[in-house]
């Protein structure tokens, strides 16, 4: 049982680490602010989910895993909020995104 | 194994730092700061396990929180600035 | 009451410290003044009691929280700290007595409770540095006193107080941080923070590089805080644009406390352990002291703003104090200690007189005080006495310390003549800058006085503290046995420590 | 492993530090400073200083950034180029650097167990804390009891800063019609998430406050966290609303009350026959007395720090713009 | 799945307060993990203090405060996690491909639910999924920025909005 | 009164007097002047009352208190000091009378301040006269400098203030810059600074150091007005004439040479110095000053300035006499202090009287003035003769002793100097006397005037009389001075 | 490896000096304060570096782990205090900067110096008091003249 949990948790953590790394590379490679934010959000969403998930498996049923859960919840709550805040701020100061083409699907709405 | 994850996180932090240094706009930098904040949280979580003292997770929790407030403060800063100085708010760093 | 005696070192700090939050809570400016003055008087009484106790039983040690010294923080009061405690508490009390009249013209009413709280904190911080025997605790209280000093100075009515205080803040923080680095390096090599313990353990380490560098950092850091030439850049403007009573208080004691720490650290920690440290100490500080005396006096001669003139004079006088210490002899250290005491009295008097003047004149420029002695005879007489004491005219306190300083310089063999010459040239320059003011006040026509400035003698409430200071000048000029004895004891202690 | 991480993080820090100084835009410098603080805190953590890491995170990355931003929005964002004086500065710096580097060559290596620091005083603390004070966190034991006087000083440093900022900024020269400060009221997402997390941040603050004996934390960190929570509230709801929640008289009371509580405990020790800040005499059993004393003074620290940080923040945030 | 009726303010307010209190107290217990009398007492005090502050902050005075309770949310979270993983892989592909095949798009999407809480959940879920980013939420209209056209299409398909709207049992 | 020590009393009387004058000045001018006179009278009574005891060989002393251990304020009356005190206190009475006439006649402002500081200056003078050690001497020396500053700058206009600045600057600078280290050096060498007959430095110091120390003392005591630090004295002539008369002919300058003499006699010791070649320069310096100052005086056209340079020359007589280092010369030095005091005060009184009556200050204006102011000019003539050293005036007595001392030691430099300077003195005084009595009054600035106010005339008559009387009755003074060089019985 | 153990110190020193440089060379007041923070932070690092013991752990006892090696707690205590001192100084400094901006309209030290210089040159009779304080002072002739 332990080995299974171990293997799963390692798997989770490693893939989490990889995603994080990808997000980092993306943040560097992307051409402008908004596209970079997409890359960054990889590190903010899937990264924590996988890494902390792995850690929870490691910790088992202890207080630590509850704290880890709290951290995860917190990150998932605040991460997007912060991104949104940043995007709004950028918009607010007239920072226009470069678009391939604008779709306004809900103009009909 | 923790090492590998931690290393990935640290390298990402390095990449974020490069982004923070490159800019080119202040928002890119803030983005990088935010990234570094969440990465630090991850790093700390991993390290607490790596050194076998999971009771220090409090730290990671505190970080997560502080980072959020920091970004909101930045937003508030921009909001105030655009209120005060509407023409000049497209100004970019460097 | 006698059961409180052992607690006196702690109370010296705690009384003003605890009064500060109370003052903020009360929020009424008159009450604030009254409480502050009461606390300051109380501190003065404690200081006097401590001087008595130290005279009787030598060094007093107090263990904070009842933890024994290397583990807990110990307080220690000896002759040197007792002497300066008197200075600090006395200057604060005199300044506060004058503040009753003066502060309202410079600090807005609703801000005064904060002002007085800052004053108390400065008092507590300075006293805290003096009583403690722990290297890190010195840093903490140094910061309390510095921060409150920044606040007090920033309270000045002129906008130029702000850049001045910012400069002070930047340089003061660098100084404190340098000190912290030095303490850290020493701690790294000894593992302790208690000064006495540190010295003992340093003996094993000896001349290790970190210790030498630490000595350098501590010296430079404290020199910055003490405004030792050429690190004095913050001082003139900070003193000039501070509220007048604040200048009285700070000019009398703030920089001296840093010198105190410098001397204490050097003699009680380094001197006995480092080879040739005395040599380095002397030859580092002596030229600075000499240059400080000469250059700062020269600048003072050409200064037309009265407060800045006195501030430059302070830089010069700090040179004397350092010069005395750099001789590393009993007489030299006695002179140094004594000059700390006497200079605070003299400078305090002079600045108090300026405070009186400021009540009538909005701009303390030389040209504005032409012939003012006619309208303000008591004020100007007080200034004259303070000035004479600065010069070192016999019969005033300043003379006694000059006497000791020259005696000490004469013991120096080859260096005697040049050093005496420097001291004397400095004194002569002091004659010039003091006399420019006196002469203008007494004999110049009142050309600069703006019509409409109603010049009349300052009210009794402020003349009283001024004249108390004047009398102190004369008293300690004629019967200086108390400070002489204390500084003599302190010097014996310092030098005796080296053997 | 620590070494590698350490070196990596330190190098990042170094880069950040230099970038901070080189940045011409002050906002950029401030945000980079935030990164720097985070990295520093992570380093502290690697170096086994959990309490310090927590403090640095709360203060350096959180409060400090907020304060700098508040000040920036009241002043200027761009640094003007300056000429001259660089060579002198560089000279001074190079000399000092060389001196310090020279000093380090003789220093004990990092982690060396035979270093002098680990031989004297510190072992005593580690040995005696369980006996004399009996709290798990040795740092707290030293902070609150063995070196409680330092901490008293620290509280008063904070108090002084609070007084100072209020003295300088809390009064207005001319009462102009004041536009109520809106904050992020129109940002629904932030508001809502903020509301959800604020009670938990507060709770976390209290948790840190009262678990200082057991884990990293204590009055100061708690104060910073609680203040951060309320600052968050002020950010999303506006300073004026926040001031109705925590009125300024309450702040003043907290600023003074905490400091008084701390020193009052000290005086109580004195009155009950011990020395100043001697907690052992507070209860019949010395260890229980220590516990009580530490609890009370940590509370004092927490109250003052919260009060002061909030006062400072409000002083900046409600200052009118020029 | 009984939800407190949001339109009877008194009850909902009290319920919210109670729920928050229980949550706070429980959080304290699991964070602390120490069951000493003193700490339990302090925990109680702390929870009450937090609650008091929250009340002073008027969190319960308007509809803006409510907490996610119910199994529906859990199910949604699981779904969301899957989405996140899926889109993460997409973004990873984009990032790692040498040509960086991005085609940024912007769209305005109206949230299906009127409830601000749901709107925020929607917006944040969008942001949480890599590849899409909510830039602004104004009167129920969310401005979305997408990294690729594919991502935008997926979003516009409306699956997420439907699930969120369903949560409140409409 | 008898239970208060008379020495203390000598200090207290003028000090209290100063206070009383201040209070009286607020009430009434006459009262103020009465108080001045009463104070002066009391002081003289008190001081002269001590004299018999000293004359009989007593050396009353008073130790006030220790400032710091080893540094005490102590007084000790020896003959030289006694004489100086008697001189100053006695002349203060006469000077006060004269001041009343002068100040009123000139309608000066700030008269109260004037009298107050005059009294303070007298306190300081008494302190100097009775000082028992170097420290006390220095204390009162500085007090004298400072208290005379307001008197010198009395007029308050720019020129006066500038001159007063020179006055104060030189005196303070020399005393702090040279005298103070000399004193401290002495203390650190000998362990004390007490005035002891025969000196205290013997055995503690040798070789060129002695010369250096002596130099520090001689030039440090700037009031001795040795060239090149004499500039303050002419500068001080901007003061009202009573100030020039009492202070800059008697009290201040005499305090200077008195102090130098005291240092030579009681600190170095005459015999010790005589045996030491490195102190020989003093004689040459003094001679140079005598000749130099006389030559400068010859070129002056302003009466008071001329008198000032004459004073410089005469002061160096005293120094030169002291530096001959022979007992007779020391007596001569002491006597010259007295003799010159009488003569010079007369001259100044006369100059002041002329100014009050006619507002003339320049020498050419004085032509024919003898006929308008016969009393004044008679007194002036007597004073001038005394300066030259013609019998039957006091000046002759002192020159006699100095010459005798010079011959005793075969000191030809001194002898030559005395002869040369006598000729020079005659050369600048006699023309004035001649002109005043015999020349015709110039037409263009003819002013109708008579004698000066009566108090002034009375005062100058008294001093002129004293100048002559000193020639006839100098025994007590000589007796007193002999004791300086001999061990008292 | 010999010198690798000093890497921490070296970084701390270089950072220290970076901050120090900013304080000396920069004229912008906020930049100076940032430099000051950097400077202090580096000192914190210097101290904390000392406390590390190889194989040690943070000095907090755990229920199970008796007999662990602990890192040195004392530098941590000191630095906790120092951090607080640092933020206090920074806050006060910022307050001063804000007031300076209000009074001078600039936070560049050289500009301010220039303004002060002009003030004394051209405009000697009139002290430029901050408008803040005028109300607190008695009205004086000089103010009326302005």
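To keep things simple, chains are lettered A, B, C, D, E, F and G as they appear, and every chain counts its residues starting from 1.
Definition applied: a residue touches a chain if its C-beta (ideal position, glycine included) is under 8 Å from a C-beta of that chain, and two chains touch if they have at least 3 such contacts.
Model, not experiment: these values are computed from the prediction.
Visitor: Return the chains shared as contacts by chain C and chain D, ordered by label.
Guide: Shared contacts of chain C and chain D: G.
Visitor: Which chain lies the greatest distance away from chain B when centres are computed from Cα atoms alone?
Guide: Farthest by centroid: F.
Visitor: Write down the pair of chains with the top C-beta contact pair count.
Guide: Summing C-beta contacts for every pairing gives the maximum at D-G.
Visitor: From the C-alpha centres, identify the chain that is farthest from chain G.
Guide: Of all the other chains, the one whose centre lies farthest from chain G is F.
Visitor: Using Cα averages as centroids, what's the distance between chain A and chain C in whole Å?
Guide: 58
Visitor: Could you give the separation in Å between the centres of chain C and chain F, each centre being the mean of its C-alpha atoms?
Guide: 43
Visitor: Can you work out the whole-Å distance between the CA centroids of chain A and chain G?
Guide: Here the centre of chain G sits 35 Å away from the centre of chain A.
Visitor: At least two partner chains per residue is the criterion; list those residues in chain D.
Guide: 50, 72, 100, 104-105, 107, 115, 117-118, 121-122, 125, 147, 150, 153-154, 157, 160-161, 164, 168, 184, 187, 189-190, 193-194, 196-197, 200, 204, 207, 211, 214-216
Visitor: For chain A, which residues are shared contacts with two or more other chains?
Guide: Only 23, 25, 37, 44, 67, 70, 74, 77-81, 83-85, 88 qualify.
Visitor: Send over the residues of chain B in touch with two or more other chains.
Guide: 13-14, 30, 32, 51, 53, 55-56, 58, 61, 65, 67-68, 72, 74-75, 79, 81
Visitor: Between which chains is there touch?
Guide: Chain-chain contacts present: A-B, A-D, A-E, B-D, B-G, C-D, C-F, C-G, D-E, D-G.
Visitor: Along chain D, where are the residues that touch chain E in the complex?
Guide: 187-189, 191-193, 195-196, 198-200, 202-204, 206-207, 209-211, 214, 233, 237, 245
Visitor: Write out the stretch or stretches of chain D touching chain G in their complex.
Guide: Counting only chain D, the residues touching chain G are 3, 6-7, 10-11, 13-14, 17-18, 20-21, 26, 29-30, 33, 36-37, 40, 43-44, 47-52, 55-56, 59-60, 63-64, 67-68, 70-72, 74-76, 79-80, 82, 85-86, 88-90, 92-94, 96-97, 100-101, 104-105, 107, 109-113, 115, 117-118, 121-122, 125-126, 130, 136-139, 142-143, 147, 150-151, 153-154, 157-158, 160-161, 164-165, 168-169, 173-174, 214-216, 220, 305, 312, 315-316, 319, 322.
Visitor: Which chain D residues qualify as touching chain B in the complex?
Guide: Answer in residue numbers: 1-2, 5, 8-9, 12, 15-16, 19, 23-25, 27-28, 31-32, 34-35, 38-39, 41-42, 45-46, 50, 53-54, 57-58, 61-62, 65-66, 69, 72-73, 77-78, 183-184, 187, 190, 194, 197, 201, 204, 207-208, 211, 215-217, 221, 225, 228, 231-232, 235-236, 321.
Visitor: Over in the complex, which chain D residues touch chain C? Could you list them?
Guide: 99-100, 102-108, 115-122, 124-125, 128, 145-150, 152-154, 156-157, 159-161, 163-164, 166-168, 171, 252-253, 255-257, 259-260, 263-264, 266-267, 269-270, 274-280
Visitor: Using the touch definition up top, name the residues of chain D that touch chain A in the complex.
Guide: These residues of chain D touch chain A: 184, 187, 189-190, 193-194, 196-197, 200.
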